[in-house]
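Residue numbering begins at 1 within each chain, and the chains themselves are lettered A, B and C in the order written.
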Amino acid sequence: MDYLTIALLVVVIVLTAAIAFFAFRYRKRTYGKDGREGVTTDKGLKRRLFAFSRKQLCIPYGVFLALFVVFPLFLILYNAFTDRSGHISFDNFILFFSTPSTITNLFMSLLIAFVTTAVCILIAYPLAYILSRMKASRGYILVMLFVMPMWINFVLRAMALRELLDLFGWLGEYNFLNTIIGMVYDFLPFMILPLYSTLIKMDRSLEEAAADLGAGRTRTFVKVTLPLSVPGIISGAMMVFLPTMSCYVISETFGGGKIPLIGKLIEEQFLAADNWHYGSAIAIIMLIIMFITMLVTGGFKSENVRGGASL
Amino acid sequence: MTRKIISYAFLVFVLIFVYAPILLLVIYSFTPSTIIGKWDGFSLSLYGELFTNARVRTMIINTVVLALLAAGLSTILGTIGAIGIFYSRGKLGKVVKGASNINVINAEIVIGVSLALLFSFLTFNRTYFSLLLGHLALITPFVVLSVTPKLKQMDPSLYEAALDLGATPTKALFKVIIPEIMSGIVSGFMLAITLSLDDYIITSFTKPIGFDTISTYAYNAVKNQAKSDLPALRALSAIIFLIAVIVVIIMNIRASRKEKTK
Amino acid sequence: MKEQMTENIIEIKDLVRQFDETIAVDHINLKVKRGEFVTFLGPSGCGKTTTLRMIAGFDRPTSGEILLNGVNISDLPPNRRPINTVFQRYALFPHLNVFENIAFGLKQKRVRVVLEDSKGNRKEKTQKLSKQEIAEKVAHALKIVDLEGFEKRSITTLSGGQQQRVAIARAIVNEPQILLLDEPLGALDLKMRKDMQIELKEMHKTLGITFIYVTHDQEEALTMSDTVVVMKDGTVQQIGTPTDIYNEPVNAFVADFIGESNIFSGTITDHKKVRFIGKVFDCVDDFEKNEKVDVVVRPEDVVLTAPGEGIVDGEIISSVFKGVHYEMILKVGRNEVVIQNTVEKKVGEKCGVMISPDNIHIMKKEFSVNRYDGYITKKNTVIFGDGEFECDVTQLYAGSHLDEEGYLITADGEQLDLTDVDVEVEVGLHDIDVSDEPEIGGATGNIVSIIYKGDHYQIIVRTEENEEDYVVDTEYTWNENDTVSISIPKEAIKMKLKTEEKR
C-alpha cells in the first residue's frame, strides 16, 4: 500500500469521526439539558442524526485546513527548534543571528518591501482617487484595465519587463532599482484594488459637508478623505509588503542575483543546501516579522484582500 | 482644467508602465527571434509552435488542467467551508475562519516549505496529488473570502422560506443558498484560476520531478539561460492577453446594457 | 402523522423559549381553533415573533409543547409541517421569477396515487405533481392575489405591494392547514396597508384555513382578527375577541396598548360604586368593597356637560383637532382626563363630566405598592396622601446633594429649587408604620378595612380630607374605624419626577 492511500484513508477516517461527533452532540441536545424525555419520535431522531445542519459544513474544510495548513506550520516549528539528530536546539537561530550576511539579507528584504510599498502607495493612491471620482462605469473600465495584466502569467510578465529594462540597458546596472521596478510592476494591482474600493464606497456627502463648513480642497482631502481611506491603505500595504519581503522570483529575475531576499535564503536551505532545520528557523523568523507587521497595522480587512482582484 | 490634464497625464503614464512590457511581448510574438529586441522578420511560427512543439503543448495543458482542477475542487471545498463558517456562530466557526485566513496573509515560500515538510513527514513522494494539494491550500481561502460577503448580503429568511415551503435542508442549500451566492462562487472560481496559473513558489516545492507548469518552466529557463522554447510563450501571452481584452469588452457591453435597461 | 379532527388545530402548552439569559417566551398556553384568524399583538420584544417561529419550526422550544391536531410537532423540522409562512420582508427568491417562486413548494410536494394495471393489481406510489398541475395551481393562486399574467415577471421588477401578493400566493398555493403571517404589511404604505387588510380578511374567508398573524399595530389586529392574543414580556396578557379586548381589557397594559384610554386608580366604595378622580361613579362591575382597582375610560366615552350638570367639574387645558374629532384634555383636580369629541370646547372653558356606567371598565389591581401623586415643599419634605413626610430629595437626580441653604446641587453642579415640583411617590406595603398616637405621623386616617392574609393583616387607612388610602401590611391587630397616624421612614419613600409627556 502506498502512502498516498494511507493519507487518503486518514482523511476519510478523521472526517467520519468529526461528523459522527457532531451528530452525537446534536442528538444529545435534542433531549435537553434537564434530562427531560425526548419528545422526538424514533423516526424524528433518526432524521436528525442524518440530516446535516448548515454549520456542520465547515467540518470538511476545517479538517483540510488542519491537515494542510495548521499541521505543516507546526512541522516548521518543530524543525526550527531541532537539529538533524532530532534533539531540541536553538543553534539554527543562533546561526541566523550570528551570520552577518543573513542579517544583511533580512534588512535588505525589509528595505525592498518598505520601498516597494511606499512607491505603490504613491502611484496607486492618486490613481485610485482619480478613478473613484470618474463616472462610475468609466472608472470601472479603467480599473479593469489596470488589473487585466494579472491574467497573464506572473513569471512571463516579469520576463517581459526584464526584456524591456534590457532594451534600456539597465539590466545588470541598477540591480536595486530594477528589483523595485519589478516588484512595483507585479504588486501594483494589489494596492489599486483596495484603495479604489475604499474610495468609491466613501460617502461623498462627507466631503461636501467639509466644503460646506468652509474647508478648502486641500484641507478637505487631508482632514476627511485621507483619514477615511486609511483602512484601504492598510489593506493594500499589507498585501504588498508581506509578499514582497519573500518574493525572490522577482529579485532573482531583476537583481541579477545581487539582491538576496530572505525568501531566497529559505529556498536555498530546502533545495540546495538541504538544511531543512535551518530553513524552518528562517521561516519562523519571517512569520514573526509578518506577525509583528500585522499587529502594528492592526490586521487586515478580509474583504479588501486579494479577493478584490475578482472585482 | 489643468487639474484634469494632470490627472489624465498621470493615468496615461501608469497605463504605459503597465502595458509597455505586454505590448513588447505581443509585438515580438510575431517574430521567431530568440530574444526580445531583435526583429527577425514577421512570422506566425511562434503561434504554430504552441500546437506543434510537444513540450510546449504538454506544459500548457499541464498548467491549464491543474488550474481548472484545483480551482474546481477549491471552489467546492471553499464554498462549503464558507457556508459552514457563516452559519456556525460558535467557536468552531471562529477557529476554522482563523485557520482559513492564515494562508491569505502567509508568504508563499512559508506555505511551500511547510508543505514540503508535510510530504516528507508522511514520506510520500511528490506526485500530482501533492501538487494539487499545494494549490488547494493556497487558493481555497481566497474562494472563502469571495463567497463570504455574498452570504452576509443574503436575506437570512430565504433559507427558512425554502424549508417552510417543504424543501429539506439539503434541497434548500442547493436550490436557494447556492444560487443566491452564485456570483461570489463564480468570482471565487475565477480568482482561484488566476492564482493557480500564476503560482511559481508553491508549485516548485510540491511538483513531481519532470513536471512543469508555465511558471516553473519559464523561470528556470531564464535562470539557467538555457536555450529554450521560451519565445513560444510570447505567443501564448499574446493569446491570453487577447482573451482578457475580449472578456473585459464583453463585460463592459453587458454592464452598459444593464444600465440602459434600468 | 396521525390526523384527528380536534377542534383546536394548534394547542400550545407551557411553551418556553430562552436565548442565553433572556426569556423570550415565558410559559405560554394557547389554543387556536380550526379556521380562526388569530393575531398575536404586542410591542416589539414581547415574544410574538418567537412564538410564531416556533409554530413554523424555525425555532425549537426550550421546553413545552406545540400540538398540531393533537400531535406534538415541537421537534418536527419546518419542511415537514403543513404550515406556511408569509415573511416580514417577503423572502422571495430573487433568482427565480414569479412562477418559479410560487411553484417552489409545489415542486417539493409528493402525492400518493393508486395505480391499477391491466391485470387489476393495485399499487400505491408517491409521485411528483405534473407540470400541468403545478401550472394550474400557480395560475389559481395568482388569481386569488389578483396578479394574473405575472408568471414570467422577475421579482426585482415588482412593487412592494406586488411582492407582498406573490409572497402570499407562494404560501397559500401549498394549501397549508395554517398560514402564518409575520408582520406582512409592515413595509407597505398606509393606504396599501388598509387595502391589504381587507383583502387578507376576504382571503381568510374564501380559503377557510387558519391564519395566525403577528403585528404590533393594534388597529390592524382589531380590524382583521377573530381572536386577539395580547402579549407582553413573553407572556400572554389577554385572549379574546377584538370587542372584548377593547371593551374589557383585563389590565392597565392591555387598556393602554389597545386604543387610547384614560387609566385612573380607583377604589370600590360600595356595591357597583367606584371612586376615582375625586368623585364616586356608578359602574356595572361588582367588586369587593374597598378593593383597589384600575379604572379605564375610553376618551370617546367621556361626555361633556355644562358645568355643574355632570358628576365632576373640570377645566379644558388643551384642545387639538385630529381630523374627525377634537382631542381635549380636561383638568379635574390633580387628574387629567383625555376626551374625544366632535364638538370643540375652548381652552379655559369649564365643563362637567358624565360617564355612563357601562363605559367604566374596572380591573382588579395587583396591589404591591402604594402610589401617590405628590409635590415637594420649601422644606424639602413631600406632601402626598393628605400628609407631609420627611424625604430624601437627592434621589430625584442621580449624584446630587443638598447645600446648606437646602438647594439641590446636581452632579453637574447646577443649583435647583425643588419647591412645588410634582413627583410620583411609591411606598411599599411593609414600609408604613401605623400608630394610635395621632401626632407622630405625617398623616392620619381611619382604618376602613382589615383583611387577614394568612401570616399578616392587610389594612387600609383612609384619610378624612381627600379620602386617600394607605394600604399597610402589618403583624399587629387593629380594629376597624380606629383612628391612626401614618409614619413612613425617610428612606422608604421612593420618588420620581413627574415627566411632562406622561398623563
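By definition in this document, a residue touches a chain if its C-beta (ideal position, glycine included) is under 8 Å from a C-beta of that chain, and two chains touch if they have at least 3 such contacts.
Everything numeric in this text was worked out from a predicted model, so none of it was measured.
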item	value
Chain pair bearing the highest count of C-beta contacts	A-B
Chain centroid nearest the full-protein CA centroid	A
Centre distance in Å when chain A and chain B are each reduced to the mean of their C-alpha atoms	15
Chain centre separation (chain A, chain C; CA means) in Å	55
Length of the line joining the C-alpha centres of chain B and chain C, rounded to whole Å	59
Of all residues in chain C, the ones touching two or more other chains	77
Chain B residues counted as touching two or more neighbouring chains	168-169
In chain A, residues with contacts to at least two other chains	51
Interfacial residue positions of chain C with respect to chain B in the complex	56-58, 77-80, 83-85, 87-89, 91-95, 104-105, 108-109, 170-171, 174
Sites on chain B touched by chain A in the complex	7, 10-11, 14-15, 17-22, 24-25, 35-37, 77-78, 80-81, 83-85, 87-90, 92-93, 95-96, 99-111, 113-118, 120-124, 127, 129, 133, 136-137, 140, 142, 144-146, 148-149, 159, 168-170, 173, 177, 187-188, 190-191, 194-195, 197-198, 200-201, 205, 214-215, 218-219, 222-223, 230, 233, 236-237, 240-241, 243-245, 248, 251-252, 255-256, 259
In the complex, chain B residues that touch chain C	155, 157-158, 160-169, 171-172, 175-176, 179-180, 182
Touch list for chain A against partner chain B, complex	2-4, 6-7, 51-62, 64-66, 68-73, 75-76, 79, 123, 126-127, 130-131, 137, 140-142, 144-146, 148-157, 159-164, 166-167, 185, 188, 238, 242-243, 245-249, 252-253, 263, 266-267, 270, 276, 279-280, 283, 286-287, 290, 294, 300, 302-303, 305-307, 309-311
